[in-house]
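Some notes on the structure that comes next.
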Amino acid sequence: MFPPAAFDVDAAMKTLVLALDLVGTFVFALSGAAAGVERRLDLFGVLVLSFAASSSGGIFRDLLIGATPPAAISDWRYLAVSLSAGVFTFFWYPAINRLRSAVLIFDGAGLAVFCVSGAQKAIFFGLDPVMAALLGMLTGIGGGMVRDVLLSDVPVVLRSDIYALAALAGAAVVVIGDALRFPSVATTCTGAALCFGLRLAAIRHGWH
Amino acid sequence: MFPPAAFDVDAAMKTLVLALDLVGTFVFALSGAAAGVERRLDLFGVLVLSFAASSSGGIFRDLLIGATPPAAISDWRYLAVSLSAGVFTFFWYPAINRLRSAVLIFDGAGLAVFCVSGAQKAIFFGLDPVMAALLGMLTGIGGGMVRDVLLSDVPVVLRSDIYALAALAGAAVVVIGDALRFPSVATTCTGAALCFGLRLAAIRHGWH
Amino acid sequence: MFPPAAFDVDAAMKTLVLALDLVGTFVFALSGAAAGVERRLDLFGVLVLSFAASSSGGIFRDLLIGATPPAAISDWRYLAVSLSAGVFTFFWYPAINRLRSAVLIFDGAGLAVFCVSGAQKAIFFGLDPVMAALLGMLTGIGGGMVRDVLLSDVPVVLRSDIYALAALAGAAVVVIGDALRFPSVATTCTGAALCFGLRLAAIRHGWH
């Protein structure tokens, strides 16, 4: 009578995206908090950097497409996850520091998720394909840029091409897939995998 | 027949909040202008810093909750007050400098007003209680952060917990009071008094 | 039967403004890209600075007046022009460097166009005259401020009064003309010419 399978796929997709989004938020928050601890900020400063690093990209995207209030502001789970990462980093910084390569890998996963979810949301709000791909990239890299500006540094991403290009490639897969009317589950997963693979290859081979 | 008292209280409240808001704008503008004069900017730069320090917090809040154009842009009084403070500081910097402890106290008053008015506005626009409290805090501390970023410094507030915590405490009183349906005049005054008291105690005892 | 002349003037005006807007975007993008090359950023960083320098002013204006998504995001031509300028600068930096005084002159033209088009758009969205003039100025100077903040510098415009004042003067002509109901073609051209003339005079005489 009605297509339960399609519904299930949709629901599964939403759950998957939310879960990945929260993982991305967590690892980006770790990177912001670690940068704060290294600058000897105290707890509040570390928490601000956690939230800024994990949520600024999505907040920029939502402001630009007119989706106010942004998800990072209206859904408490993003805040809870980024503050948890900040508190954890503040009190157990040596543990984070030992896990640095693990954090890098999670960070790649966060970048992969954010670039595809950002592109999907921009398409949904009716943006041009090229702009949707760029907003996907911005969602992935914006948080790190704000983190660095708050610490009075030149954003790392401006010096590291491959990081942003991986995000752009992932977002482009989503946008092209959407233009060709491929199923969005498939293009989202492919885009995220491409971004993640590029990022891992860059880490392994020391590409900038 | 109809409750004139309630209306009067409301009107008195609005007038009070507007008056306090403008006082807050003035003292935050003083802090921005003083930072500009110390960096030897000329008049225009000092005025930009006055406006940025006094209005960025409210502008961020209004962009995030979707209240465009922001009050600082649509109501000329905010601009007039912040430019007056900038001109005054530019030409009579020694006087401001002598009054520094008075400025610190006014700045505490500004923080107190902005955190409660920010939280009230966020509640009015339907945000979650936790997010409303955080937006109240952001309204209080956002201007100082933009001032420091424009001067290429790490924002002072990231190094001084108590400043932001005072703002968060004041905003939290408003949000909790709203959840318990206490009258908003009472919670607004209590929240502002708590924030102001914490800030004065921190100044007196040299807490960071 | 109907006023074809008026329509033609309107259409010619729109084409003129769009053409000038794209010229302004191009030269501001050149300034952002040149700043990036001087800091030895690689291609991606240079392109980000191109886009940020050419489009941030208009994006700020559009966010503040609630015109989302901003024109720089929804119209691909702005992006194409700013990326072209970035690629050109990255590969032929010596040529740009030799043309520096030409770039300064084009930059003055860009400032002139952006301040009047920004003021027109703000008036159209119903802002106060004073605020419309300031938003016109912000449209002109915002891109350079973001460029400098991303490079962790104090924005040049904070140290150079005449640059911002030229933009404010141009925007003020548009706003005053609108209040007096002068034809917008005339006020737009007069405002742009005033801003451009002030900027050229400042360059020639070394005013700051």
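Read from first to last, the chains carry the letters A, B and C; within each, the first residue is number 1.
Here, a residue touches a chain if its C-beta (ideal position, glycine included) is under 8 Å from a C-beta of that chain, and two chains touch if they have at least 3 such contacts.
Nothing here was measured: the structure is a model prediction, and the numbers come from that model.
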(request) Give me the fewest steps it takes to get from chain A to chain C if each step has to go to a chain it touches. (result) 1
(request) Determine whether chain B and chain C, two copies of the same sequence, contact each other through the same residue numbers or different ones, counting it as same when over half of the numbers at the interface appear on both sides. (result) different
(message) From the mean C-alpha coordinate of chain B to that of chain C, what's the distance rounded to whole Å?
(response) 31
(message) Which positions in chain C are in touch with at least two other chains?
(response) 63, 149, 152
(request) Name, in rising order, each residue of chain C that touches chain A in their complex. (result) 36, 39, 41-45, 48-49, 59, 63, 68-70, 73-74, 76, 79, 149-152
(message) List the residues on chain C that touch chain B in their complex, please.
(response) 63-66, 125, 127-128, 130-131, 134-135, 145, 149, 152-155, 157-161, 164-165, 208
